[in-house]
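Here come two complexes built around subunit A, the first alongside subunit B, the second alongside subunit C.
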Partner chain A sequence: MKKPLSVLLSLALVVTMAAGCSSGTTTSSGDSDVIKIGVFEPLTGANAAGGELEVEGVELANKLRPEVLGKKVELVIADNKSDKAEATTAAARLIEKDKVVAILGSWGSSLSIAAGDVVKTNQIPAVALSATNPQVTAGNDYYFRVCFLDPFQGTVMANYASKKLNAKKVAIIQEVSNDYSVGLAKFFTDSFVKLTGDPNAIVATGNYNTGDQDFNGILTNIKAANPDAIFAPGNFTESALIIKQARALGITAPFIGGDTWETNEFITVGGADVEGAVMSTFFDDTNPLTEAGKTFVAEYKKAYPDRENIAAVTALGYDGYMMTLDAIERAGSADPVAIRDALAATKDFEGATGMITIDANGDATKNEAIIKTVKDGKFTYMDSVTID
Partner chain B sequence: MNETQNNLGAYLKLHWKTAVFLVVLLIGIGLADIFVDSYMRRLLNLCAIYVIVSLAMNLVNGFTGQFSLGQAGFMAIGAYTVAIFTVPVESRAAIFYLEPMAPFLANIQLPFVVALILGGLASVVVAFFIGSPCLRLRGDYLAIATLGFSEIIRIIFTNTQSITNGALGIKSIPTISSLWWTYGTALLVIIATILLVYSSYGRAFKAIREDEIAAEAMGVGLFKTKMTSFLIGAFFTGIGGGLFAALLGTVDPKQFYFTLTYNFLLIIVLGGMGSISGTIIASFLVTLGQEALRFLDEPMAFGLDLPIFRPGLRMVVFSFLLMIIVLFYRKGLMGTNELTWDFMAQKFQSIKKKLSRKKTSTEGGGK
Partner chain C sequence: MVVGMTMETFLQQLINGLSLGSLYALIAIGYTMVYGILRLINFAHGDIFMMAAYFTYFGIAVFFLPWYVTFIITIGLTILLGVTIERVAYRPLRDAPKTSLLISAIGVSFLLENVATYLFSGKPQAFPEFPLLTTPFFIGGLSIQPVSIVIPIVAFILMSALLFMINKTKIGMAMRAVAVDYDTAKLMGIKINGVISSTFAIGSALAAVGAILWCMKYPSVLPLMGVVPGLKCFIAAVIGGIGNVKGAVLGGLILGFSEVLMVAFFPALTGYRDAIAFVILIIILLFLPNGLLGKKQVEKV
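And now, the complex of A and B:
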């Protein structure tokens, strides 16, 4: 009785697999009046929240500007499961099966780095939206980005600590398993030491791993060093816990961090303790830097009326799409190599997050960052910092 | 000389089907290598790497009955060895931009094959140190120790900034795109495993799996035999990890979470603990199946916009299919059987018999 059923079920498995293959081949025979742009993001797995926010921005931009060169732009969204091996196959699939002419994404620098080799060998331009690690674009002519880099963000926060907080001694707490956090801490250290002229300006350094819960050991050391400020770039949950435990230990020094803090979880976990925490970020919805920014905010509020604030990565998703379309228009064709050349020549493009000029590395040169703080349980605009 | 020729002739007569199959397979790989696009190539390469690592895991878990969960750690060792020794010297300064590479390593660059084998050997050395205390014990200790080990390795690699570049990972590893590297290695590993499993060592492995006390009473050296199996498994896993690094072109510690091990555990359970052909089938099924179900992640083209067709659905469906398979094939697809010509002929016969029996029974019912 059981055998025929099992045979039937395995048949069903085979049929679904065959269906999967065939549906893949039908999409590859795309017609020529559609331009396909791949969006390659973690939509499941550890980084899903970030990936989804970026996709929102890209989709919104696509709604506002659905055509270029008289052709319809179709988004092909591929999930990379927050996994590196999957990231390379997803990127290869977008290129080979879906025949996209450009790729946007991914959230998470290591996923973008993994896909970098695929886009380079297939000569398809890719635009990273929020991947801040310098290695994403370094040595790869086909990867560009619309966000600023770790070195810039580190410099911004060092300037803030030294000039606005008048800090002379700073302690650093870094998430050692997170490339973003380690990079930021390093660049912060370099520029802070330069600004103060004191090689011992960093009085204590604490390392922790993603997922840690108890930071009392690190914090006790830091308390003994008595710093003027604590720089703790890293994941929002752990960072909020660090601040909470620091306050419980009686550490009163202000906490400063990077753009990853700007999530609602940071406030829900940290509660009243994260009041006054300061972070740098790409975008502020109450105070857009450009006209394009104002349009983006208005459209976003129309599309998602129930959202309280707009994530910076959503604005970057919007910019990535708009910049790519601008490049296609200037290239005058949907040829990937022509688009790449046009992207590389991008100059003073007005994005929602500021003016974007692509430099020789393929990075967006931005000289303006936004400083936000937590006030009354909300992220509030504090200052914008320009560094040349 | 005449005698060896006769032997070869007799051998070929006995195994001509296998020989033909091998030739067809080699031609198939060769053709695929020329015609397949880069997406399919990547998937096929991944399949071969999964075959290598899963077979190594099955050798220890399925054939010797020792529950080892250190695959992610051994792969990490192999992957990092390849990464560290094959990245071109001139691009190292750009990769190790936070902290320069340790001077004793900075100028060493080895050919890929050497680095690959070195990675396998490094895994063996580490496996020896884990195995020597744990394999003397019975029960779950090996599972616990190897699981802990693979986490430790990951954390060590995260913190040795000047050797492994820590959390930043290493990129620009010269990549392999030809199918021959992975399939060549996979074939070698398959052949080695077959030869091993049917040798006296293999019989000793199985004896230990079935009953350690009985095996010991029969004169099988428990510790030495378990160690042999564990070290060979570690070697192949290290090689698989090295190929994995060269396929992706980048490594970082987050790739080697212990969840990576579960992929291989899934494959060997699905294919059958103690079946070589089952492992191979399951490797392809799992890798290609996940990718084939990707259409479920996209909005359906039926016109109506069903909200369930969103990213993540394919994993739900995939898990559901796995559950069904495990329900009906409790010992995995192949159990401990092998997909030999005899096995296939037998299956074919039994299906034929069943069909004819059904026919007669319905005829009987008609009267």
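And now, the complex of A and C:
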């Protein structure tokens, strides 16, 4: 009884493995008329909601522009499981097994940074969509991005805290295992200290790890420090739980954060407690700045009629794909190195989130951020900020 | 920070520690009971806890059942899951080397995590709110959620009931007998399979109660939510002396309090909060290899 079962099970295993391989190989045989672009995103794990939003943007763009140089563009989606170690493997698999000519992603700077060496050594260009940490592109000629950077975002939020909220003392809660969160907290601190002229303007700092659920300890400390506002950049689930627990502890100070909060799950998990939370982001769907932005909004609403608002990272996913295709067209070939050179030379490309010009570091030069707040269970436009 | 800590802040932290520790205790009992009987570390226990959270979520948020019906169904389904896992993944391996059993447990753990990710997506689901239990009341500057008081009370009642069952009832006696000597108990006519199934049923029921209370306090449900609590509660069970029910409760409370108090006294080290669990484990095992209450081995279950 036992033996046939185990034979059967191992047979099933072999069959599934074979199936897994074959689905990959059948398509690569005819690669002369197909251009493959890898989409490298967290689709499971703590960051899954963010990754899914970016994929929506990329897929929408692919539907609108399915061909370049007379060849069909095929998206190969790889799940990096919100895990830095998996991220390296997923990027390597896209390059070595799927033979993609360019990679888009990933949501989460840590995950993008983890894949940095892989794209660099294999000379495959990558375009980060919403990864805002400077380390993503620094010292890496093959990583580009279509969003603004954290030093800018930190300045925007420090200005908001100091000028709009009149905050003198701020507490920081950061996700220590996340390069994005730690980086943004640091840039915010630098800027806020400069604005207030008070080296002790940050009155408390709380650290947590991705996946934590109990924040009562750090919040009790923060309550004792009695800050005017709390800056808590980090993953959306944990941030929503932090705000919930803070309110239960009787903390009334406003919460401000970064672009990663703008996911539906932030609101569903946080409920009434995240009302009034303020964050900076990349794009306002009620007021697109460019023609491409208007097209994107119209097409998105057609594709997802039941969505109430459009996440900024979806618009960036759209831009990343369109900019890469534009580069392939200008390069005149699907050779990764030629695509890289064309991406580096991108100038005044009209994206949904604004005009994109790539600078010497591979970053998009952007000086406008949108500030949104949660109002009546929706992300609502508050302000747009330009800093030169 | 440390010097400036007021009595109020300290008391608040103690309340935080008590409710976290009681949750750890409830889950740790499941580890310790299974270990006591089978000498198996049931690595799937944290994932059984996760599944219980999903059962509750589906009952209330998706099927709109009343909460009391949902709780009963959740506990029932979780018991069924626990007993089925034992029947399918552990019983066929009972005479195999212990390592095979351990690997099977890890396999079940991965299976549950991946099935949950596949079925429920990797995105967090919002656990329904229980305003009666989560709306805080204030005493002076202290803010207390009723659930923070309910958790230790429920944990205490369940533990007392469990100890009564183990010490005073027939099935409890059978459990103790199997724990002391598996083979002899079998020869004495004790129905081993029944005893083991009941052990898994009780452990899973406690995990279900733990999951319901956990989600009331931390209202998000994720496929991987059981991994870290599972690991910590396993540590709690070892600290208290694995195989000993009172030890598991003691270990859970020690772990909960030390995590929260470390955050309270050393705010700069809050990022190392998970590391503290392992540091405590290493220190205790160096001096008391059997855990705090593990030596007597009288009440091993």
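In the analysis below, the second predicted complex is superposed on the first by the 334 of 388 C-alpha atoms of A that agree within 3 Å, B and C clash if a C-alpha of one lies under 4 Å from a C-alpha of the other, contacts with A are read in each partner's own complex, and residues count from 1 in each chain.
Going forward, contacts are C-beta pairs under 8 Å (C-beta built on N, C-alpha and C of every residue); 3 or more make two chains touch, one makes a residue touch a chain.
If you're wondering where the values come from, they're calculated on a predicted model, not measured in any experiment.
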item: First (subunit B), second (subunit C), both or neither touched by A:Gly377; value: neither
item: Partner chain(s) touched by A:Val176 [first = subunit B, second = subunit C, both, neither]; value: both
item: Touched partner set for A:Asn209, first subunit B, second subunit C, both or neither; value: both
item: Touching partner for A:Ala85 - first (subunit B), second (subunit C), both, neither; value: first
item: Which superposed partner A:Ala240 touches (first subunit B, second subunit C, both, neither); value: second
item: Touched partner set for A:Ile218, first subunit B, second subunit C, both or neither; value: second
item: Which of subunit B and subunit C A:Leu43 touches, first, second, both or neither; value: both
item: Subunit B and subunit C contact sites that coincide on subunit A, given as residue numbers; value: 2, 43-44, 176-177, 207, 209
item: In the complex, subunit A residues that touch subunit B; value: 2, 5-6, 9-10, 13, 16-21, 23-24, 43-44, 77-79, 81, 84-85, 88-89, 92-93, 95-97, 110, 113-114, 116-118, 121-122, 133-135, 138-139, 176-179, 181-183, 186, 207, 209
item: Subunit A partner contacts - residues on subunit C that touch it in the complex; value: 1, 4-6, 8-9, 12-13, 16, 20, 92, 117, 121-126, 129, 134, 136, 138, 141, 143, 145, 214, 217-220, 222-225, 227-228, 259-260, 262-264, 267-268, 270-271, 273-274
item: Of all residues in subunit A, those that touch subunit C in their complex; value: 2, 42-46, 48-49, 52, 82, 176-177, 204-209, 211-214, 216-218, 220-221, 223-225, 237, 240-241, 244-245, 248-250, 265, 268-269, 271
item: Residue ranges of subunit B in contact with subunit A within the complex; value: 37-40, 42-43, 46, 91, 94-95, 97-98, 155, 158-159, 166-169, 171-172, 175, 177, 244, 247-250, 252-255, 288-289, 291-298, 311-312, 315, 317, 321, 324-325, 328-329
